[in-house]
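The structures come next, written out as structure tokens.
Common to both upcoming complexes is chain A, partnered first by chain B, then by chain C.
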Partner chain A sequence: MFMNSNLFEPGKSKPERNFVQLAVKQNQRFDGRRSNDCRDVVLTFGADWGTVAVSLGDTKVLTHVTCDLGAPTTSRPNEGKLQLNVNLGGVAFLDEVQTTHDQRSLTLNSLLERTFRSSRCVDLESLCVAAEQHVWCIRVDINVLNHDGNLYDASTIATLAALMHFRRPDVTFADDELRIYTEKEREFIPLLFLHYPVSVTYCIYKSSGQPIVDPTLLEENAADSVIVLSFNSYQELCTLNAGGTAPTNVRTIMQCARNAATRAKAIVDFIRKALSMDEERRLQGSRLIQGLVGLIGETAHKLSFRKLMGQQNQELQAPINEKMEVDNKPIAKPEVEEVKTKEESSKQETDIPMDSSSWLPQDEDSQELPTPSEASSSKAGKGKQNRSKSKGTKKKLPKKQDHSDSEEEAKQVI
Partner chain B sequence: MNLPAKVDVEKDKLRQMHCEFNPLSRCDGSVMYSQGATVVIAAVLGPIEVKTQNLSIDGSYLECNYRPKAGLPQVKERIREAAVRDVLELALLAEAHPRSKMSVQIQELEDRGSIDACAVNSACLAMLIGGLPLKSSFAAVHCIINEQGDYILDPDQSETLHQRASFTFAFDSVEGNLLLVQTKGAFKIAQFNDIECLCRAASADIFQFYRSQIAKYHGRSEAIAEKKKDESSSMET
Partner chain C sequence: MTTTSTIVMPGERITAIEELAKSKRVILGPGLRRQDETVVASKAGPLRHKEPSTFWVDNYQRRYIPARGDQVLGIVRSKAGDLYRVDIGAADTASISYLAFEAATKKNRPDLNPGDLIYARVLNASADIEPELVCVNSVGKRGKLGVLAEGFFFKCSLNLGRMLLRENCPVLAALTRELPYEIAVGVNGRIWLKAHSLRETIALANAIVALEQSGYAEIDKICDNLGDFLQA
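And then the complex of A and B:
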């Protein structure tokens, strides 16, 4: 009589799966996007510092950052705390359908933890007021309002935007006495960042070699594997989450990673631009701050990715397309240029001929790949910087350094 | 924080109301509702399967959850949730769907005063747009007595900092019965009666807002809705 729980989840039934698989095979998507098109990202800032609503198509996430003073952990007495809370229930009706300890909530939580906490994007040492006594505890509440696929990207964008938007009150500690200043007394202080990570999600199907970016719920549920890559604005990899059953070519993952790095950079630029617009509005006067009322209807308070990044996006789009085509050949053009510049700088120390073939497979069989590529990559890696990364990301190591070295001066990230 | 205060609105008027229907895709009906700078989002799902422990053979079970913007619901939020549930239980036509559950979820987006009233109003709009059976629609109005002894209808958060007493009334649309009274602070019975009248008058504005918004959503112009209303009122008299 009543609705089956599967009915709430598009893409779980067999006909739907077949439909999506077939569509992907023909390079078609249900909403008319191309495989490398993302949905529009819309940011709305609340009246309070650290309140941001993000919508990615129909996926909507509200993030709120709060802070209070607390005691630090004994293992890290001079660092503040960053706490991430994901809330999937409520208006999104996600807990309704499934058991409480849901796979989805666990993956989302761990992704956010790794993207923001393990990558140490917020400078926690700056949040220390008095070592071993008082530190700021930053708490991020991520409320999922609506789930229409790609919660990962929506939540990471929302979390990053909220953390960047957030300001904490100034505080002084003298004679064992804490004094917190109000906004009128002293201006609030924004958080300090070491880097800005954002995730990009890809879906891979057995029926087609072409991964699709920014999946909807239908596509996500029907996918054979979902790959989530977190890149920061320096195009360094922060998190790689690969699961599922589709056998995936290394080249496909590399292609995803390269596009994800570009996309992540564009998103961070967009967030920066949106923040500066919000600040301008705040400076103009309090009457202009509309807060989240701006969510209702079509208002100027919604800051859309397409609108803000209109020109830049088009410029970006071109190289992305180019890359996608070029990727089918063993050596990608932009990489070669970067490699050249790097070679000049590192000629003396390494005699290893730097070519992208060391990490980009030239043959179809990727089975043989790991051993030679790892060996050469570790050699090349030692020449530059001694950076040990998590095991899952070995294949990406050389490429990451290519990017970070040629980009803005790379910050050392643990 | 500089707040957009209730400067341009008189003390005996409601702040401006806005709403957007069905912003969410996974529920039967949802509404984003704002009064002034206070914004809430409400979603309904029903009738759906019910757990055996809550199953009732002579009416549907009502589940009502209120979620704050940050953190888990505390006592304050639980009280608000209970208030909304009480009003909904009175207005819901539970007999229509026995052995089932109606789920109402309310998420606070921004609290700038009168959040109790906003939660109730958004729940009503969500029920209406979701097509869940109601005996009547309902509206809640918040009013305070400030330090000077003035009545302020639908106050902004900045105005509630110094208040003597605060009231929340909910009325149904058919007979204008009181569905909910919440009071806090010290006041005289005459003041209570005054404020009840004030809130009752203001609730008419909210019902008018419901009517025009739903007419607009279903593709009718406001003029037709007005006309219908005139007709129905002339028929009553």
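And then the complex of A and C:
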């Protein structure tokens, strides 16, 4: 197996950075992808429940979920615990100083915490055995085996897949006595989910307005800013992490968000499909993959995103491409206003149900967005009003992002 | 150079060289070690032989070990007094004095900043002190050395770098038939490349990276259809 093409981190020298900036400007990528093409996602399930290896091109992440009975916290006595533990040790960043290495794993850890813990994707109350006494503590170990960019997506996909794959033993609590059943006595129980979040990463460069999705390490290091958006399968925003120095306008972020939501949905569908295929394999009793080498080796039973979702993906991809191209066109001022009003109109509609049912799927809303005919017709009569309104949204939107960033809950953006 | 290769393992005694050493002088290259009267391999890989009597082990390696006279590509890390710290992919960062550039004086310093790429020669390499680089030859001319601006830069294994630097290497000749380009290959497994357009540079870089892990024998075959790589 040929891992990273070099031992040292790419994208740290000026020629590399300038070259990537130039390439992005000309809409070219080093591996021949287009700016909105993602690398193939490959899932491999291990013999144990909750062991998943994910590879995104050369980026490889291995996650393992374990569970244990423990005491709950006093503040939440009837909830189980979910612990995420990131280990970047598998990657040798030899030209990295210790501080940036720590920073990297901290950033990744906090992103995963926000995506999975703060968004409350796992129903922790179902993990309670006896309130204030015994709860299940779920621990997710995320081991980064190789880093070729976009560690965020790889780890969120791996974590989600591992949590969905994981099964805990059944347990009863009677007369102050815990009884844990083995797999032979009672069937293991999968975890309960409230929603399924997956992140999508974009890189933004000063030289071009077009963000690129799923960056490689070279692209990521050369990028001026990296935006990570976590969406769940109901297309609700769970996390937004925007950093860096490139000036990004609201439109770019909204465009990223729209594509990320579609992508996240496709990924979750893919994980579901892969899980069902793995289940089938287990029922058939075919040979399970044992050990680490088997898991990341060539002989493992690999489930590829492109292969599994090939048919559906093409259907999905087509409208996205169209949308991106439309957005790309250098647009005159009135059209900008149109987009703003469009966003606003959809926002007004989503604002109302947001508080009452933030978890419920609302597909109508997401379909509401691309209706330029409606927006333009509403725009026709009231030019001045629109201008003032669009100013209002400009102020409102960034605020809203801050909100969703810091707030510990998933909110709808689309 | 013979292309037939025997694979040797670390610790393996190589009697063929010992036999030859009885009759004439033998030069042992990297990966071979003399222990009293025996010759032992210290690295794993194919044993290479160059007439009349030079032997070395061509092991797969990514970590560069500096040696005097090597031409390397380095990234400037920082300025430290009258030195620049340069990352050449070795265990330690190398240093280059600002006087080690063509026409540099105390008043006229070269304009180097962190992140710049330089092509330099190793002046001094010892296990105990940090390697020292120069960007001029013995008569004070820069020759091919100096700062590399623009272009694209990537890293590969030391083997690939060595292979490209080999005399009459078929790869670069085959690529020249397809496209005009400028290239600087460092023995430390770093390559700088510049072609007319961005697309051409990307294609060339991909073609060179594709050669990674191909042996000497296969490379001639691959070179015949390198053009296909460039098309893709």
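Convention: the second predicted complex is superposed on the first by the 293 of 414 C-alpha atoms of A that agree within 3 Å, B and C clash if a C-alpha of one lies under 4 Å from a C-alpha of the other, contacts with A are read in each partner's own complex, and residues count from 1 in each chain.
By our rule, a contact is a pair of C-beta atoms (placed from the backbone, for glycine too) under 8 Å apart; a residue touches a chain by one contact, two chains touch by 3 or more.
Since the structure is predicted, the reported quantities are computational estimates derived from the model, not experimental observations.
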| item | value |
| --- | --- |
| Touching partner for A:15 - first (chain B), second (chain C), both, neither | second |
| Touching partner for A:23 - first (chain B), second (chain C), both, neither | second |
| Partner, of chain C and chain B, that touches more residues belonging to chain A | B |
| Touched partner set for A:58, first chain B, second chain C, both or neither | first |
| Set intersection of chain A contacts, chain C complex versus chain B complex | 2, 8 |
| Interfacial residue positions of chain C with respect to chain A in the complex | 62-63, 75, 87, 89, 113, 115-117, 148-157, 189, 192, 198-199, 201-202, 205-206, 209, 212-213, 232 |
| Footprint of chain B on chain A - complex, ascending | 2-3, 8, 46-49, 51, 53, 58, 60, 62, 64, 66, 85, 87, 89-94, 96, 139, 141, 143, 145-148, 183, 286-287, 289-293, 295-297 |
| Chain A - residues contacting chain C, complex | 2, 5-8, 10, 12-19, 22-23, 26, 28, 30, 32, 95 |
| Chain B residues within the chain A interface of the complex | 1-4, 18-20, 23-27, 30, 32, 34, 36-37, 39, 41-43, 45, 47-49, 65, 67, 69-71, 100, 103, 105-107, 109-110, 112 |
